Every structure is written in structure tokens, then in C-alpha cells.
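The following pair of complexes shares a single chain, chain A, combined with chain B in the former and chain C in the latter.
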Partner chain A sequence: MSLLTVNTAEIVKKQFLFKLKANIDAFSSLVWIQLLAILFSLGGVASQGSHSDGLSISIKYFSSDVVIAFTMIWGLVTAITITTRPYRYFDFSFVTNRITSSLSNIIYLFTASVLGGVTAMLAKGLLIIIGYLFLDFQLLDFYSQSFHVRDFMIGTIAAVLYIFFISSIGYFIGTLVQVSRLFIVGIPVLFIGSMFLDGMMQREPMAMKTLQFYFMETSLFIFIVKVFISTALFFAASISMLNRMEVRK
Partner chain B sequence: MMLSILPVAIIIFIVVIIIAIIMKGKKLVTIKFTYWLLLIYIGVLIISLAAASFVIGNSTKVREIVLEKDIRENRLELEKQLSSGSFEQMDANYLLKQSSFEYHQPSMKMVISGHFTPRIFIEKKEQDDGVIDAYAFSSGLYIDGVNFTEKITPPTFALNNNQFEIYPPDNHEGINISMMKNEFTITQFIGGGASFFEPIEHNESIIYLRLPKSLTIQNEQDSYFLEYVHE
Partner chain C sequence: MKVIECTDLTKSYLRKRVLDQLTFSIEENKITGLIGRNGAGKTTLLKIIAGYIKQTSGEMSVFSQKPFNSLLVSAHSIFVDDQMSFPSPLQLHEILDAAGSFYPNWNMPLAKRLFDYFSFDPKHYHNRLSKGKTSTFNSIIGLAARAPLTIFDEPTTGMDAAVRKDFYRALLKDYLAYPRTIILSSHHLEEIEDLLEDVLLLKDGKNHLHVSIEELKEWAIGFKGAEEALMNWTKDTKVYYKNQIGRNTVYAVVKNVFSEQELQQAKAENIEITAVCPSDLCIYLTGETKGGIDDVFVDR
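Moving on, here comes the complex of A and B:
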């Protein structure tokens, strides 16, 4: 019997720092994914055209929307990856249990979301500079809407929360797959099947309603509450499932 | 507070972190490739953001957004003023072009070329001064509420052999505009997202002709309709 008393917070902290180092390669993939997204964004994220009075007008919109979307996908994949067996086995190098392991994973995912969200929002500057230096954007035609630090901060907070929310879904999916391999097939079948069912019943797809629940929310405070509750539910469900698993399963 | 303050704050933050790492005795040279990649990437992003704010600041104008309602009201007001002949009260910003032609004949033909159907107002002067004054007005070009009126080319007027000709604006190259848009994570909460239904507010030019009192127009084309003011 060990005479050492263990402190949960200390263990979680140690595990988090270890995971930050051990999974550092996830961040290099973040860089490449964001660079790829910037490349795609250079063609414009949306365009509009009009022809009247002998005048043809073509508008291209530029923003880092694609970078944020790619970063969300990166968050999903990263979260699924850390639930896989090799990553979970890292934990057994430490004094650990399912709770501390999951808590350190959650903190790791939150850190990754912060880094992903901030860099995704900062990518707008790189987009402008590449367009200006290499793609001959006509500067006279390159107007910017008024841009404020407050807006940037709101955008960054929302981007971080979106990525963290998607990560929690990824963590939940990863956990389900660890519980039973049937979910590898079951989750896509459930998702696509529900869309078909909604289509046949001629009603708005459930997935669309879910997206609207988050994307159509115009109050930042309520959005934070929604994301916080949803994320907490996904992580709580994941932890409770992992708690039931045998050690090294 | 403008965007340029933000990169400075982030640079200070990064410098503080680096100093803290060095003070702790950890050598930066031992940091593996990914750390360097991340550090360089974040550095490039911050520098780009700072540079972008200068690029935008030096070469473009940050413009006021005009509400769609105001744009439409302005257009209606312009048409109302022109149709009532309140020519002197017109806002000079609406005027695209003015041309004057000496003409002493009792009548003239009017021809409009191309696919161009402007609204045409005719005002008869109180005297026969032998001068035709031609004006082109526009309520402007707005894209997502941003004023791009200076991009509009006015129509061309010409007077040849008793024939007054109006040519459509020479816009064969069109107008190509690149616009920075706020990210959806911003527009979701503060609004101002691009309207993908009717982002462009543009109406055809309005032609206003002031003719000598006794000059008559032989309306030979069905493609246009003349509206006489003060009659």
C-alpha cells in the first residue's frame, strides 16, 4: 500500500502537460490544414454577379470562414484520435483513472480549440497579404468593411467555442466507437438514415434544426450557455461510458 | 480602437511568454520542429494582420454602410424631384454628367443605342436660347450597403445631323469588386452578413434634358418614353 496521497488536480495537470507534449503533432497538422484552407479561400468564399443597364458587376467575398470550418473538422478528428486505444494507453504511464484521464483530455481539447480558433481568425490577415502581394488584387477594388477589435474578439470567442463544441462531439463519437466497433457503421447510418426519413416525411431535417439552434443564435451570451451545456453533456456522457470500460480495453 | 492595436498586444504577449521560457532556463534551441513551426506560423499570422491593417489603411477607404431603406428612399426622392422639375434643388452627388449642345433647329430626332432603357425627363426652358442641356443622374451603386457610385460610368450624349443620340455607359470591362467579409462567427452576433439575395442596389441612370422652348422631339423609337415636366 502506498503512503503517498494523490491530488486529483495535480494529476490532471501532469497528464494535460504530458498530452500537450505527446500530441504536439496535432498542432503541426493544424498549421497545414489552415494553410490549405487559406489557399482555398483565395478564390473567394462567395461570389455575386449582376447585369443591368449594360453594366456587369461581379463581387467576390473574402473571409476566413473556410479556415474556421477546416479548423472545426481538425478539432473533430483530433478529439476522435485521442480516444483511440494507443492514446488512451499513454495514460497508464501515470497514476490515473478514467475521470482524470478524461479531464486532462478535455483541457487538452480546450487548449487546442483556443489555439485553433485564434489562428483561424488571425488567418484573415495572411489572406489579405497573399492576395495583395501575389494575386494582384486590385487594391482600389479591395474595400474593407469597418473592422473593430470588439468584433474580432467576439468572432474569436465564437470560433473557439464552435471548435470546442465540435471536439466534444468528436470525443463522444470516439468513445462510442471504443465501446463498440458497431458504431463505426452505426453513427453514419443513423445520421444519413434520419435525413432520408425526414425527407420521406417531408419535414425539416433534424440536422438542419440542430444547426439552426446554434448558428442562428444572435445573442453571444445565450450561445455560450447553449454550447457550454451541450459540450458538458457530450463530455459527461463520454466519461460515464469510459468509466464502465475495463482497464486497458 | 482600430485593428492595428491588436497585433501589438499579441506581439507583447508572445514576447512575454518567450522571456518567461528563457527565464525558466529552458533553451529555445531544444524545441522540436513542431514548436518552431507553430511559433513561425503564429508569428507570420500576427505580422500579416499588422501588415494587412496598413495595406487596408493606405489603399482603401473604410466606408460607411448605408441602409437599404435609405438607398431606396434616396432613389424615390431623386425621381420625385426630377419629375416635378425641381432641378435646382437637386443634390449634386446624384449628377453623373452634364453636357451642353448648341442647336437652333425647330425639331430633332432622338435615338437611344444598345440595350439601354433609361427614364428620360424633358424640361422646356422659358426661352429659345439655342442650347440643349443634357444631364445624367444616378441614385448610386451600393453593394451590401457600401457606396461604389464612383464606379459607374455615365452614358454618352452626342448631337449629329439633327439627331440627338444617347449611348449606354461604356462598361465593357464591368466592375469587379473584391470585398472582405466578416467571418460568420462575427456576423452571427453583430449582423452585417452579406445578403445573398439582393446585395447590389443599382438602377439605370436617369436622363434629364433641358430644351429650348420651341424645340420638338420626333419620337421614333418605341424603346423609350419621354416624360415632360411642368406640363
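Moving on, here comes the complex of A and C:
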């Protein structure tokens, strides 16, 4: 009997392709979530109006931020989903170990983030077209609506990284729940509890400060570094926990 | 070469010891039957071999590696049972394709022929299959993967008699065409005894008996005769099974330690001597108590 050597990268690649096919439902739910977000966006985020002597002006502001926010939630849910028992067990019907299973999950989540991020950015265009064709919007400040390659690129990179970052948190939370069911209760208690505590002590909430740390960053480079390191930490912690976990016991 | 070597393997869940200091080894290219009563630890043992779960203590080595988290062991072994799960969006033919991409020795023509023979619909979904069909499909994967270590954990759950027979025949034919190490756990030893070379009998998580099927067939002997006459023969050895037949006739199973001469003498004393078939013997050997189910209802 001759045993073939097994190439880890080769197995990860096969698992990734398998997962793209197996988790196809996640992408159809992405379409619905973004359509829903566009529907919400059509209401506008702010409006102002003025009128005098028979003249009335109403200005409405529209933004596709809701689409990106919804896509981030989608990333979180997708990441939690693939840590659940059935999804982990699928790998073990074929060739795998716990490391390759997680690595292919991470590559899958990154692919999903790219797809989610790019479509979320393109949703802005769809929003404008729908408004223009069907809702009779007059575009003010036409210049800012037009397409800037550079802005679009930066926006897309940021959106993709946000979604990927959120999905790494989702993967981490999902893993914790797999380690112990207590975390289903524990994580919300910790999160909401910390906000109450901050409120009682009359200081800026921790959650707020954390959000600012990531979301208020003005330099793209530093933002990328911050997100990269945080994402890597979350995934590394998840892998080290999953690596000891028994399957199909 | 030894494919599986296992020493002092122990696995506990909370307070219960499922496997207890289990030691055995399995040679390459043998078909071994793993036999034991419900809860004897068969599935736990097989899952440790497949690397799904980790032992509490002791050593397990498969292809000279620890199976837990070993990619080599995973690539060269397959574990088939009725709990095998596949993603619900995949159709059956896509699952076959996926299995083909993972297993280096995968034989697609064989998979396709078995698939057609058992009349599966390629566009069907795995989670919609009936219990017997699920087992049949999983077994097709197990056979076509041609993994050097193939583990079937009660593969025939839910299969009807005809399919069970076909499956065992397919297993034997493909084994002859492509020899590999196979472990088969089953409650129906009488169905698989023609297939097996070795039998590993588990009792309470321990290695109770590990012999070839020929040895098992001659391992024990059944005496039938008058109680007083039998007493002489069975008083020094352990009686594995005893059954009262009629008023003064008793059937007893003991280990076959008698010489030809002694057996002739027994016959002269009007004792009927019979062979004990392996499946009955396994039930006697793993029996928890002296009596049978009848004793439960004795005082009612």
C-alpha cells in the first residue's frame, strides 16, 4: 500500500470550491437583503424644504449606507452560520482536518465579503437610476453623483474590509457558541451590560469608543492595518478553539 | 503492515467509560467485523479511528499517525454511517462529483453503475432520501472512494433484505478487485460472516475476543443431553450459555477445549455435540446476565 502525500493547499482549494457551491443560499439571501435595503433607502435619509410666494423647494438626501450596513449584518450572519454544527460536519464527510476546514471557511468569507462589498457599492447607482426613472427625482449637484474611479475604489475597499471584519467577529462568536451554549446568553449580556454600566458611570460607552476606533479612521492605510490585525486575531482565536473540537460525537 | 494499532485506549464521557483500556491491531487489507451489543463502544472506537473524536487516554495510530487532525489519515480513510451529512443545495450527482474531487482513488464508473443499479435519480436531494436509500447512497460513496481504510458503521441500517445482500456482494467484489482494509460493524453477524476474515468482539469497551472467523466457528461447542451426564463435562469450564429443553435435557455452550477422544466419550454418554454458529456465540459471549429475557417475566 502506498500512501500519497497530501497537499494542504490543494485540499483547502477543493474545500473552498465545494463551499461556494454548498453555500449558494447565502448569495441568494444577499440579493434579497440588498433589495430590501435599497427599498428602505428610497425613503431618503434626511430632507429639508422651504417655500415662499408660490415657490416651494424640497430637498431630500439619499444614501446607500443602509445597503452597506445591511450587507455587514449579512456577513455576520453568514459567518455565524458556517460555524454551526451541520456546516462543520459537511467537511468531515470528505477529506479534511480542522485547520483546512477553517482556512477554506475564511477564504469563503473573504470571497463573500468582496461580492457583498462590490454589490453594496454598486447599489448606489441602482438607487439613483430607480429614483430618476420611476420616482421623478431631479438630481441636484450632479457632479457629486457622477462616477469617480478613485472614490469608488476606496469606498469598495473599505466596504469589503468592513464586511470581512464583521464576518471575522461573526466567526468568533459562532465558535464561542460551539464551545459552550452559555455564550448564546453570555455575549448579549456582556454587550448590553457594558452599555448599562457605562451609562451608570456617566462615561462614553465602550462600544461607541470601539466603533470610533474603526469607523472614524481617516487614513485608508491605517484603517487597513487596524482591520487586518483585528481580523487576523479573531480568526486565529477561532481556529485555535475549533482545532480541539470533536465532531459528530 | 499494521494499519491500525491501538493500545490501552480509553474514552470516557462524563462518568461513563465507553472504551476501557482497549488494545488491538488490524493488519493491512483485511476485512474485520466489529461486533458487540448496543452501547459496547463500537461507534466510539470507529470515530476515534476516523479522527472525529479524541481518546481520553491511550494511544491510537492509523497509518502510523495520530488520526485526530491528520490530513493524511482523512485522505486515506472514509467513515460511512447513516449520519453522513451533505449540504442540502447539492443534488446527488453533485455530491458524487464532490466526493470524486476529494478522494484520490475515487472510481466514478463504479459509483455511476451502482447509482443506476439502485435506481437513484441524479437530480434528487440527499436529505429527501428515505432511511434505506440514505444508507445505500452513503455506502456507494464508501465503496467508490476506494479508501485504503474503509470504515462502515452499521451501513445497512434501514436497507431491505435484497439491498443488504446486494451491498455485501458489491463490497466483496470490489474488495477482490481492489483490496483494502475494511472495518465493518454490524448487528447481523450471520449476514456478514462469509465476508469477514477477522472478528473483533467488544464487550463493555474492552477487547473481548479478536480471532479469525474460522477460529470463531470452532471456538465453542454445544452439548445437549441429560443434565446429570452434562454436569461431568461442564463443571470445570465456564458455561457461556445454558438452556433447559424439555424435562431433563439441557443445552450448554462451553469453550472447545476437548480432545477428539473426550468428545467420543461424551457421545457414548448420549450427549449430542453441535457446533455453535458465530452469531449465536457472540450473543452468548457478550450476554450481560446468566438468564435470558424470559427471566424478566418469571415472577409475574
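By definition in this document, the second predicted complex is superposed on the first by the 224 of 249 C-alpha atoms of A that agree within 3 Å, B and C clash if a C-alpha of one lies under 4 Å from a C-alpha of the other, contacts with A are read in each partner's own complex, and residues count from 1 in each chain.
As a working rule, contacts are C-beta pairs under 8 Å (C-beta built on N, C-alpha and C of every residue); 3 or more make two chains touch, one makes a residue touch a chain.
What you are looking at is a predicted structure, and each value in this text was computed from that prediction instead of being measured.
Of the two partner chains placed by the overlay, chain B and chain C both lie in contact with A:Ile24.
In the superposed pair of complexes, A:Leu109 makes contact with neither chain B nor chain C.
With both structures placed on the common chain, the touch criterion links A:Arg98 to chain C but leaves chain B unconnected.
By the document's definition of touching, neither partner reaches A:Ile33: not chain B, not chain C. In the overlay built on the shared chain, the residue A:Ile82 is in contact with neither chain B nor chain C. With both structures placed on the common chain, the touch criterion links A:Thr8 to chain C but leaves chain B unconnected.
Measured by the number of chain A residues touched, the leading partner among chain B and chain C is B. In the superposition on the C-alpha atoms of chain A, the part of chain A touched by chain B in one complex and by chain C in the other spans residues 24-25. Chain A meets chain B in the complex at residues 24-25, 27-28, 31, 34, 44-46, 48, 50, 52-65, 68, 119, 121-126, 128-129, 131-132, 137-152, 154-156, 158-159, 162, 215-220, 223. Listed in rising order, the residues of chain C touching chain A in the complex are 1, 3, 28-29, 47, 51-54, 63, 69-72, 74-76, 83-87, 89-90, 94, 98-99, 101-104, 148, 180. Listing the residues of chain A that touch chain C in their complex gives 1, 3-6, 8, 11, 14, 17-18, 21-25, 86, 89-90, 92-100, 243-244, 246-249.
Across the complex, chain A is touched by residues 1-3, 5-7, 32-35, 37-38, 41-42, 44-46, 48-53, 55-56, 59-63, 65, 114-116, 118, 141, 143-144, 146, 152-153, 168-169, 171, 174-186, 188-192, 194, 196, 199-200, 202-205 of chain B.
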